[in-house]
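A, B, C and D are the chain letters, set down in written order, and residue numbers restart from 1 in every chain.
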Amino acid sequence: MLKTEELQVNIGPQHPSTHGVFRMLVTVDGETLVDLKPVFGYLHRNHEQLGEVNSYLQNMPFTDRLDYFNSMVNNHAYARAVEQLAGIEVPERAQYIRVIMDELSRILNHASALGFLLGDMGAWQTSLLWGLREREKILDLFEYVSGARMMCNYSRFGGVARDIDDYFISEVKKLMQGLPRYFDEFERLLVENEILLVRAKGVGVLPKELALSYSVTGPLLRGSGVPYDVRKAEPYAVYDRFDFDIPVGTVGDVYDRFLVRVEEMRQSYRILEQALQQMPEAEGGHINPKVKQQSLKPPVGESYARVESPKGELGFYLVSDGSGSAYRYKVRAPSFINLSALADMCKGYKIADVVVILGSIDIVMGEVDR
Amino acid sequence: MTYWPVIAVDAWIGLVLVSIIKVTLILVGGSLGMMFLTWYERRAIAYMQDRRGPNRVGPQGLLQPVSEAIKTMTKEDITPLDADRVVHFLAPVVMLGATVLAFAVIPWGNLFPSSLRVGVLFIFAVTGLHTVGMLMAGWGSNNKFALLGGMRGVAQMVSYEIPLLMALLPIILLSGSLSLTDIVTRQGDWYGFGWYVFSPVGLTAFITFFIAALAEGERTPFDIPEADSEIVAGYLTEYGGMKFAVFYLSNYMTNLALCFIMASLFLGGGNGPGVTALGTVLGGLLSLVYFFIKALALFFLMVLIRGTVPRLRVDQLMGFAWKFLLPIVLVNVFSTAIWVAITRWGPQAQIFTDWFGEPASDNYLRYGVAIVVTLIINLLAVYAVMRINRRQPSDLTEEEIALGLAG
Amino acid sequence: MLTKGELRSILSTEMPAALDQRWAEHAATAEEGHGEENKPVLQQDDAVVNAEHLPAVAHFLRDTFGYEYLSNITAVDYLDFDMIEVVYQFYHIDEPADVRVRVRVGRNPEACVIPSLTPTWPGANLQEREAYDMYGIDFPGHPNLARVYMWDEFTGFPLRKDFPKTGDKYTHVTGAE
Amino acid sequence: MTLSTRKGTVNIVEVNRHDNNIHAGQGTLKGLDIVFRKFRKALFGKANTERDDTEGQFNVQYPEERLVLAEAYRNMPILLYDDATGQELCTSCFQCERVCPPQVIHITQAKHPETGKPVPAAAEFVLEYDTCMSCGYCAEVCPFDAIKMDHDFELSTADHPALDVHYTHLLRPVSYYEAIAPTMWAEVRDAALKKLQNNIKRRPGNIGVDHGQKIAGKSSAAAPKAATPAAGAAGRKQYTGPIAKVGTSMSEDKLARLMAIREANTGKRGGPPESGAHAIEADVATNAAGQVAPSDQATSGSAASKATGPVAAPGKNMSEDKLARLMAIREANKAKQGE
């Protein structure tokens, strides 16, 4: 009898396509994957304990460092949790500003995530750089309004740090004239590329039922065909005022996730259009002036607030003991929980598919390791 | 046809001197060509990605490869602790040696370093040595990624040698010679436009050869042996400094050689309008210009493909070679035979002469008939192969897919 | 659709044995002591179940009411009550609000045991490992209960409230051992 | 397609998987075509500077070309002092020290030399630049507008201890901040200066002005008006920070060399110095003029979707246990529906 020997390979922690310091202990039989164990913790900094030591306001810039692609969304989610805990009203205008920032974040995240996914597939960074170009423009806007490109630290309890001005709005409108061209170019470049089709179709299938039992969220869940989106399921901020669709896949493979992300960018664009249109009528300023930001002491209790981050459901679970800092601060990080489905999605495929499947989950190690 | 100039002092001394000059020219020209190619590729791909590319060292960044050469040469030479030191050291030497040997017969325009009568055979015989170097590097590094990369490389090279060589057969049939010199000269008809690519069989051969050459030169979408997103750098993982530079040099020189070969075999080498009319010296220079334009355009196509498409998976790569390229190439050999029969056979097939007239280079009827017949055969072949290979997901039931019966 | 606290009343008729009644009076005292600084209270609205009944309750919740999406597992260390609480948040795909199931176990290693939900909800895998890593909760039935963030040789559970916040016993900076 | 849930209807777009198209290489050719078009545009030097542009070279040649930094841009905190009198704005109220998330601000309050009572001025102010996370809270909470966020981001140094920056090196004149953030300073200017006047009254002797030779040295060297951005390419301005602000740890001869180079450059650049405020205002005006409502054609086009292919076919390579679990769940679901 011919016998093949299994080979154990460590993909990571220093590896070009593990999206950070992430390690996959992979057992392969030839090129076929037999077993996969994700190993992480290399970036662990005990973020949750920092949250118990910091005051509520002091913790805001630390949330930037979770999913450093979408610090605006992280800020939003954390601010929501604290507002819920302390019963703070948020003015309408601030809600609109937050929605605009969230949707811009979603576009920039998907643009770069798709680029990275195709980079993992071996397309030589062309799509990535096109995505990064759009991301740069959005980051410039973030810098204009918040002062920093990636670590925005923009939300405050009851609003946002600074109001947006006409220049910002006109620049967003200008950006939005270019975005459809980018979407079209991107689709023309690769969506029907034969090599992409054979690499992505039928790879890393995660059926609907399994996806639900794995608690995965975001494009991963929607790619599997579950129309679940926190923006629709629990319309926070002012998301109930916008008309947008949830893109879903049918099979749940890498190609579906890819297409869902492309379509989500277009839906974000729709939300942006409507938000910009409705915003001038919004009441209130950019922040609730009554909130004592620095010495906030929410009443004893607990709260859980979640938003639809580009990676999935991002939630903050806070327990207050009435003091100036949280008693318990827990982050429900979408990348972290989405990773639990990785091993199952990869088994039986080739080594080359593993990096593609990992890329299609779209993880950020800052959030996974916390 | 022009040979390199010979100083007729004494036959023997002349031979030695000429050989030394040729070897120097090949080595210098090959290395400079490789340096230029790296710059060219990086600038081109940068423009595709809305960037500028290297533009700091020297005019337009042309000296960037020089600075990088200096950097790699001054780096520490590292051999992994448990590596097979001899094999690890020899692998880049074998790789580069194979490439440089191939340059011995590759024409530069209408100028040939040496006119070997079995030039085509020689080139592919020596470049086949690449496989050995790759396996040596993969095995000698004592690294799992390197081993995977080496194995992938060997499998890929061996599979793609077959369509590569079979794609050449039509050219050899058309020209009736294995000598590159002859093949290039034969394409000088039709005012310098008698290139083999302008016939259905030549075009099919060119396309298949180009695809197989991408695989031979480890270009995207077939850069699987050194797929950086999967197995770090494949068989190059444990190489650094000068040894890595030698691998790199060999890789780009192989690509250069492949572009030169394609330009010579299919695109008429240095042939073009005006080459024969301008005489030996001026015509030779013009042929060099034509030749480089063709070769660099081919390389640009390679870069364009690299900038666009993702990489195939290793099993898909094999499937593509065996299920798609090979049948088409085989059919193409058959239709080449028909082409040659229709255009050349006079007395051997009296019936052709009765129908189409005597075979001659200005008998357009014969060429027209040959074009139509071979085009139909080739298109039918492509259609049939695609039809057979096309996956029909709707034909399979869910259970079949789940049980892995879809194959 | 279950409103807040509804599960608790349903459980009290359907599975009375599953409800954990030990903490009711603690919650009351905490309510009175609300004026006290830095004193958390225990939530009483949601269903507090015994550890050994958790899988049964979770399956009941999923199969009867369709709450099939286990979103979040949070462990909270209540040092004052000598207890660790684990909050399981279940969502229905069509509902905005979650249903929280709480399990309260003692802090000592023998009592700190909760049956794993990973066999049914593989998504709980990493979150349970995290709770084990940070709080030292044992989850029997978990396929691979190993540390997830801290290295394997690490001792102690860093998010417990009595874990020393200063000094590093691995470098013996303060000598606090 | 809409899906009704208990909460109402949800619009769903099923993505188009292109299952029914024949793929014979035309998808790849389409990609090659668009990449080649990009190549052509960028090769002939089209620059991509506008926000609605998706073609042309978009990278900035950094040391020569610089993007205009937003006024709100925040890098590292600095402290302000009044140009004319040299009085520092900081009163050591410890607000910033308290709010600082990484706790990198350390203030020592000045004491009255005779009575020993605290005086509204700082005796020493240390900021650990290496640990600062640039969150901007210190500037946000400061009631006296004494601490502001700098725009100078070229701080790299090999001298790590020098990143504990002391008061002398943190101080910048008000005119410097006014040059980098004109509108933001204009908003708070009057209140800040008024508060400063009140505090000066309570500062005896030299307290509040005695940190280094800044009045003579720095304010003249800084001369923000002289070093204001000169107009560069469209949308990009050259920005040169005040000379004395270059790296607190820079060696003297290096500093001298740098200053010589900068002087030479300023001479070369020539042209009338344009104030940063005007440049930004001009930008705003041009951009506002160009605003047009965004088109929605792309979204409507993609929203149309076709019913596609077979339902949820699991992958052929699925592992056995995964398959078993899947089948179990499906059976359970079927049973449930049957009931």
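The rule is short, and it goes like this: a residue touches a chain if its C-beta (ideal position, glycine included) is under 8 Å from a C-beta of that chain, and two chains touch if they have at least 3 such contacts.
Predicted model, so just to flag it, every value in this text is computed and none were measured.
J.: Central chain, going by Cα centroids?
T.: If one averages C-alpha positions chain by chain, the most central is A.
J.: If you tally C-beta pairs in contact for every chain pair, which pair wins? Let me know.
T.: A-D
J.: What chain is the most remote from subunit B, judged by the mean position of CA atoms in each chain?
T.: The chain lying farthest from subunit B is C.
J.: Cα centroid separation between subunit A and subunit D, in whole Å?
T.: Each chain reduced to its C-alpha mean, subunit A and subunit D end up 21 Å apart.
J.: Report the inter-chain centroid distance for subunit B and subunit D in whole angstrom, where each centroid is the mean of the CA atoms.
T.: Centres of subunit B and subunit D (C-alpha means) sit 49 Å apart.
J.: Centroid from C-alpha atoms only, then distance subunit A to subunit C, rounded to Å. What do you get?
T.: 26
J.: What is the distance in Å between the mean C-alpha positions of subunit B and subunit C?
T.: Taking the mean C-alpha position of each chain, the two centres sit 64 Å apart.
J.: For subunit A, give me the residues that contact two or more of the other chains.
T.: Answer for subunit A, listing residues that touch two or more other chains: 126, 130, 133, 189-190, 193, 195-196, 202, 213, 233, 344.
J.: Name the residues of subunit D that each touch 2 or more other chains.
T.: As it turns out, subunit D has residues touching two or more other chains at 7, 24, 28, 31, 35, 48, 58, 309, 313-318.
J.: At least two partner chains per residue is the criterion; list those residues in subunit B.
T.: If we look for residues of subunit B contacting two or more partner chains, we find 48-51, 307-309, 393.
J.: In the complex, go through subunit A and note every residue touching subunit C.
T.: Per the touch definition, subunit A meets subunit C at residues 37, 40-41, 44, 46, 48-49, 53, 212-216, 226, 228, 233-235, 300-302, 304, 306, 313, 315, 317, 319-323, 327-328, 330, 332, 336-337, 339-341, 344, 369-370.
J.: Which stretch or stretches of subunit A touch subunit B in the complex?
T.: 7-9, 15-17, 31, 118-126, 129-130, 133, 189-190, 193, 195-196, 198-199, 202, 350-355
J.: Could you pull out which subunit D residues touch subunit B in their complex?
T.: 19, 22, 24, 28, 31-32, 35-36, 38-39, 42-43, 48, 55-59, 61, 309-310, 313-318, 323
J.: Using the touch rule from the top, collect the residues of subunit B that touch subunit A in their complex.
T.: Where subunit B meets subunit A, its residues are 45, 48-51, 144-145, 148, 152, 220-221, 223-224, 227-232, 306-316, 393.
J.: Using the touch definition from the top, list the residues of subunit A that touch subunit D in their complex.
T.: Result: residues 54-55, 57-62, 126, 130, 133-134, 136-137, 140, 143-148, 151, 153, 161-162, 166-167, 170-171, 173-185, 188-197, 201-205, 207-210, 213, 225, 227, 232-233, 243-253, 255-256, 259-260, 262-263, 266-267, 269-270, 273, 294, 344, 347-349 of subunit A touch subunit D.
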